[in-house]
Amino acid sequence: MDEKNARKALVEVCQLAYQRRYICGTEGNFSVRLADDVVLTTPKGACKGRVQPEDLVLTNINGELLPNSLNGNPSTELAMHLTAYNIRPDIKAVVHAHPTCAVGFTVAGVALDQAVLPEVICTLGSIPTASYATPSTKEVSDSIEKYVKEYDVMMMDHHGALCLGSDIWDAFYKLETLEHYAETMLVAHLLGGVKPLSSEQVRKLIAVRGVYGLARPLPQEFVARSTN
Amino acid sequence: MDEKNARKALVEVCQLAYQRRYICGTEGNFSVRLADDVVLTTPKGACKGRVQPEDLVLTNINGELLPNSLNGNPSTELAMHLTAYNIRPDIKAVVHAHPTCAVGFTVAGVALDQAVLPEVICTLGSIPTASYATPSTKEVSDSIEKYVKEYDVMMMDHHGALCLGSDIWDAFYKLETLEHYAETMLVAHLLGGVKPLSSEQVRKLIAVRGVYGLARPLPQEFVARSTN
Amino acid sequence: MDEKNARKALVEVCQLAYQRRYICGTEGNFSVRLADDVVLTTPKGACKGRVQPEDLVLTNINGELLPNSLNGNPSTELAMHLTAYNIRPDIKAVVHAHPTCAVGFTVAGVALDQAVLPEVICTLGSIPTASYATPSTKEVSDSIEKYVKEYDVMMMDHHGALCLGSDIWDAFYKLETLEHYAETMLVAHLLGGVKPLSSEQVRKLIAVRGVYGLARPLPQEFVARSTN
Amino acid sequence: MDEKNARKALVEVCQLAYQRRYICGTEGNFSVRLADDVVLTTPKGACKGRVQPEDLVLTNINGELLPNSLNGNPSTELAMHLTAYNIRPDIKAVVHAHPTCAVGFTVAGVALDQAVLPEVICTLGSIPTASYATPSTKEVSDSIEKYVKEYDVMMMDHHGALCLGSDIWDAFYKLETLEHYAETMLVAHLLGGVKPLSSEQVRKLIAVRGVYGLARPLPQEFVARSTN
């Protein structure tokens, strides 16, 4: 995808994420890796619901502003995007948002890592929660490193969600799946409690992943925990 | 309805279902039976909020791609649509979605089959829940078969909803009625519990169905259970 | 307001009511009294989110289709609109919808008649719940009659809301106030319980109603109950 | 910002606040201080979702209509905006809305002043609740005075939210942050309870505020309470 189309797609996702309430105010930050050493990202302090293609900024893989990027500065949270790009060559886009229901689970200290919905199990395995880290400090990258290696979606305790994708839409759809899953879990909790799938049911699901063209292995910890 | 108008209507429903959050990410699949052996359906892996008329694919009643259908492949869940078309000649459209609240009921193991809201009783009778089945396998069609015979709307345990209609809007409106019903039931549950209608009240409702022009009989199991 | 503008306004309200989820599917019915013996109303079986000005139908005050009204038939629930028009000469528009949260209160048997939010107390007094009645029968008009005399907004048990206004926007805004009130009450209930205003606080509110230009007296039953 | 652009921005925020459901019906009132003695504000009794630039009214800092302002009257709640402008020279815009979840907290008597989400702590500190006051009376200005001095966002018991900003978007984004926070807290409450951040975690957050370019000190009461 060339820069012009990447700017257009990134803005579409920003506006949709705002409309669908995964972010509000000036929350969230989104990026696309255009080339090995070029990242296109949302500017610091902007409302993503109102951002325009020309507002996006270009940095190198160390987060330094590229000379031809004149507008604004990158988000103070860009470092965690770069951590993901460094660890995972297959990842070309990162979405960080504050989906209300999923964040509420972390605020209550309740995990989102049970095997419950087939679409979550087949695509993501499960959703781990990284320890709390002070935003805009190195603690954040440290907290997510171990999960980025195996997971495409993770919660950050008392903060938000991090979703990694092969392109910006893929990362955004994973954010949608996450919040839908959290909302469904909340409803079940309110009705008396979640009934997880059995290990036999999870094993069958893992066996049919090929139908969806999903090649990447599921997180080992999840597979071990849910199929035994 | 000719193919061109069917494509347009199907896309309208896809986009509305996404806007109204009955699906997210690449979830859900929708189809219309254009002729005895021709089905128009959503493509595999697409976000229904972004799908365009030319993205839809044509198959025969066995799910095999028609020669003039060049874009993409049908959903891996098309088989359950075909099961419904085979069993029910009156059905011309099928909607499969993941409405959050209704799916949450299945995750908690709580049924949606009580007689509570007149509009649900008059049009659908009640909403059964088909046993859990591994998506994209033959288990799915097996699990819904017995309900498809008598019901137009059913839940699929830990998965989603299946709605059958005389056209695509009819199927979509039934999805809306289902999720509205589930949300109303959840509110009542949170406020202390649902007070179902009495068998006398249900009998009166069944008697006035003619006013709405509803000819199809209500499911026998529901009528027997709710009016005695 | 002439017929052309009334059609336009009624359609605007229909579409907004659908977008804001006070109705779904083909639910709800809306009307405007254009003259003493002329009522403009939504057609039977239509989705209000898709209705167009030319789809609306004209009836006389007995609900009989006027000769120049060619499209469709009025809703089977028009009778309750006519009951309201007959009892209340000041009412020029009626909105009937199924707001999820407020209907959930009736399904749980929990009243919405406490004195809690100033904007509800000043404008509506409180919201009574009419007994359950079989839709499309004379029971409906009977159940609402006594409330229509004194109240502009009422719930209909296990069914929906009825809102009366000096014009269609006024009736619609009352529907919005009702559902906002019910949602706020639900949140408070979930957090431990509603703390109603004291009789002293209600008395002060009633004293300042003139600031809002509200001339119509509040329902006597509400005033007596909430200020002593 | 000149008057023409201020009218445009104020209308954009009005419509967005309505679309995002922070207000409904004719609720809420919004203003911008254009100059030391000139305030642009929403008119009495209008639905903010339908307001147009020419509907806004101009008053002086005492709330008296300016001669060139021909349309309508200012809201009966303008007095509290003026109180905020008088006490805080840095404030150029005020948003008053009725966000459902946050208002529900006040109706239950549950405070929103815990240290839980980093973005709230860094930008607002915490959210106090002003005592109940009869709307449209002097009680309202009296109830908020002490909070306006130190806080940019506050709840008004059984009524709504008041958000102060350096411009209208800044005030609106604070409203969004408030309701997102309240919704997240409700989810956590429903899942077993909120786990606040430790005083050590709050101290670290306060230390990194400079990164966001936030110069204004946090409320002393909040800092004292949350870091010891």
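Just so it is clear, A, B, C and D label the chains in written order, and each chain counts residues from 1 on its own.
The criterion applied here is as follows: a residue touches a chain if its C-beta (ideal position, glycine included) is under 8 Å from a C-beta of that chain, and two chains touch if they have at least 3 such contacts.
Note that the structure is predicted; figures quoted are calculated from it, not measured.
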item: Given chain B and chain C, the chains that contact each of them; value: none
item: Required minimum of steps from chain B to chain D, each step between chains that touch; value: 2
item: Fraction-based call for chain B against chain A, same above half, different below; value: different
item: Centroid comparison with chain D (C-alpha atoms), farthest chain; value: B
item: Chain A-chain C separation of Cα centroids, rounded to whole Å; value: 43
item: Separation of chain A from chain D, taking each centre as the mean of its C-alpha atoms, in whole Å; value: 30
item: Junction residues of chain B, two or more chains touched; value: 186, 189-190
item: All chain pairs that touch each other; value: A-B, A-D, B-C, C-D
item: Chain D residues touching chain A - in the complex, by the definition given at the top; value: 20, 116-119, 122, 169, 173-174, 176-177, 179-180, 183-195, 197, 201, 204-205, 208, 211-213
item: In the complex, chain D residues that touch chain C; value: 21, 24-27, 45, 47, 76, 98, 100-101, 103-105, 107-110, 132, 134-137, 158-159, 186, 189-190
